[in-house]
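Structures for review follow.
Here chain A shows up in two complexes: once beside chain B, once beside chain C.
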Partner chain A sequence: MATVIIPTPLRKFTQQQSRVQVKGNSLQEALEELTRNYPDLRKNLLDENGKLRNFVNVFVGEEDVRNLQNELTPLQEESVISIVPAIAGGNIV
Partner chain B sequence: MSFKNVSFSKEELARYNRHIIIPDFGLEAQQKLKAAKVLVIGSGGLGSPLLLYLAAAGVGTIGIVDFDVVDESNLQRQVLFGVDDVGKPKTEAARKRLQSINPFIQINTYNTQLTSQNALALISEYDVVADGTDNFPTRYLVNDACVLAGKPNVYASIFQFEGQVSVFNYTDKTGNTGPNYRDLYPTPPPPGLVPNCAEGGVLGVLPGIIGSLQANEVIKVITSIGEPLSGRFFVFDALTFETRILKITKRSDTPVIRELIDYEQFCGVKAVERKIKEITVEEFIRWQQSGEDIQVIDVREPAEYDEVNIGALLIPLATVTERAGEISRDKKVVVHCKMGGRSAKAIRELEDKFGFGNLYNLKGGITAYLQEANTVTNS
Partner chain C sequence: MLYLPSHIQEQLAVDAVRTYPDECCGFLLGTEQSHARTVTEIIAVHNAREGDKRRRYEIHPDDYRRAEKYADVKGLQLLGIYHSHPDHPSVPSEHDRAVAFPYFSYVILSVRQGEVVSVQSWRLNDNRHFDEEPVIHVTDFILT
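Take a look at the complex of A and B:
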């Protein structure tokens, strides 16, 4: 089972969990399972075609998946997937 | 930066002694600090520790850009300011405090908003830029201006319990320039998707931690000691104490930055306000007094509601979709938040998803309402 680290702004979609375990041999499978379990995450991570949105960065280990094989990046049991969204301040409007 | 001719008075040498005696720092690094000009954009949560440490460390010229005034709600994290500063321009309060920490440095203040018109001229006068802003439009503006002006951009950002640090657009000794913010985030998240600041807030000590790391990177960039955080992206989670350093690279598939643009438009900030029905506080009060049956919805967070409310039904923004059934379809529904930003988003979401046509955004939010109510009571 790979581990997905959920960043603060997305935790409202994962019942405040900061780490989620997912099955999957590839990043695509892992993200499919993640967004199946937490459907509200989907529109924040994936577009209509199931591709990663361009304002969300995903890393496997310390590597940007764009420099690996994007959605097809293979995962190991101990893989750690980081989702890193753009953040800017904490003002309330 | 020509630092070789930089000299120090006896007082300065005493002041910087703990720097100078570090073998890998020495007098030379201190000379580089004194010769350096750093522009700090934003003197809030991140800018506070950043400015305090840069001033104390002896950065010779510090520029501060901020158009805000000190507010009571700043004091929970903006340790640069005290109670006496409330109501004063941040640039002025900052100058006073920094000059009392270190009278040997030059402080330039710009009590103005950084814009596409003034950014390049301002940034060009400095060696290093430190970005401590709290919104996407200014972040992209700072990034693009640094790329165009060829200046390193020491970046930090915070949200609730999470912080990020990196050094963007840094040119190393071999002449290679590292990635910038757009290599990581070519475009901002569209309004309504992650994470605008609708559910905001920040743990007060977090900018202290992250802003100090930012100061550390500024000093490394100036003095060329150590390895600046270029091509690397630091992420810190204060709740789990998890830290990660991720590798980032330049991307070839993003457009080249050629000029500064309208960043509010680019970030969709303007678009958020389009075509929803609004009512002013006065009209709203008139509706209430006329005895018209209206539903009032408050989309702020429960803690804000507990602090002050006007008896509305509380449905926090994040839950409007799932609780849409509680919102009337027959009578007029007035939706409000603190200032009107979140309620506008709520209305758009409800209109888009469920076809509501009876929702009115309260202009200026509960803040405007309470002000008006006060005026009425006092007169």
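Take a look at the complex of A and C:
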């Protein structure tokens, strides 16, 4: 099973767990299982089409999945998936 | 409620003034008990925004991962993010709100002509609007 590292601001949706185990041969399958088990995570991770939201970065190992195959990135048993909030802002309205 | 010890206020101000007229940014780490948060450390990071940094900031994902890992190892909570608004009020912009995450305290420092003039903290509510979080300025003497 792959391990998903949950970032601090989303841990309230995973009963404060920072790491959860998921099954899946691809990132898409893993995210489907993750959001099935923790439904409140879904709106923070995925848009209405099931695609990763712009303000969420996902890494498999050390690699940003946008440099791999996005949601189709294959997973191994020991894969570590990191969900990383894209932190940004500024004073322009 | 967000408790800011005086040495933390000083570190935030130093970063905001040093970076002026660009926006500074970084992480707030500390402890949380019921609704009281106390910042015990900050991690200042590079504003990774390409282009005009006077109106925008971005934090590189590698910096985020390092900060969260550091907090976990030290037994601290990653409480939030700080950034500055050069020559603008310490209130969140619509852009700040649109990209904000729940849970985090967003501390904003208003810097005018190189001086910090106000510090406020904001948290996203369940309707994705910002509520102001009261900031309690405490002297280090009281905490020790």
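Going forward, the second predicted complex is superposed on the first by the 85 of 93 C-alpha atoms of A that agree within 3 Å, B and C clash if a C-alpha of one lies under 4 Å from a C-alpha of the other, contacts with A are read in each partner's own complex, and residues count from 1 in each chain.
Just so we're on the same page, a contact is a pair of C-beta atoms (placed from the backbone, for glycine too) under 8 Å apart; a residue touches a chain by one contact, two chains touch by 3 or more.
Keep in mind it's a predicted model, so treat the numbers as computed, not measured.
Peer 1: By the touch definition at the top of the document, which applies to A:69: first (chain B), second (chain C), both, or neither?
Peer 2: The answer is neither, since A:69 touches no partner chain.
Peer 1: Counting only touches as set out at the top, which of chain B and chain C does A:43 meet: first, second, both, neither?
Peer 2: In the superposition, A:43 touches chain B alone.
Peer 1: Looking at A:57 after the superposition, I want to know if it touches chain B, chain C, both of them or none. Which is it: first, second, both, neither?
Peer 2: both
Peer 1: Pick one for A:17: touches chain B only (first), chain C only (second), both, or neither.
Peer 2: In the superposition, A:17 touches no partner, neither chain B nor chain C.
Peer 1: Counting residues of chain A touched by each partner, does chain B or chain C come out ahead?
Peer 2: Of the two chains, more chain A residues are contacted by B.
Peer 1: Counting contacts the way the document defines them, which residues of chain A are shared by the two interfaces, the one with chain B and the one with chain C?
Peer 2: 7-10, 12, 18, 44, 55, 57, 59, 64, 82, 84-93.
Peer 1: Which chain C residues qualify as touching chain A in the complex?
Peer 2: Interface residues on chain C, with respect to chain A: 23, 25, 49, 55-59, 61, 64-65, 68, 71-72, 77-78, 81, 83, 85-86, 88, 92-96, 99-104, 106.
Peer 1: Where on chain A is chain C touching in the complex?
Peer 2: Chain A residues touching chain C: 7-12, 18, 44, 55, 57, 59, 64, 82, 84-93.
Peer 1: Of all residues in chain B, which touch chain A in the complex?
Peer 2: Result: residues 45, 133-136, 139, 157-162, 164, 184-190, 193-202, 233, 235, 237, 239-240, 242, 244-249, 251, 304, 318, 337-342 of chain B touch chain A.
Peer 1: Which residues of chain A touch chain B in their complex?
Peer 2: 5, 7-10, 12, 18, 43-44, 53-57, 59, 62-64, 66-67, 82, 84-93
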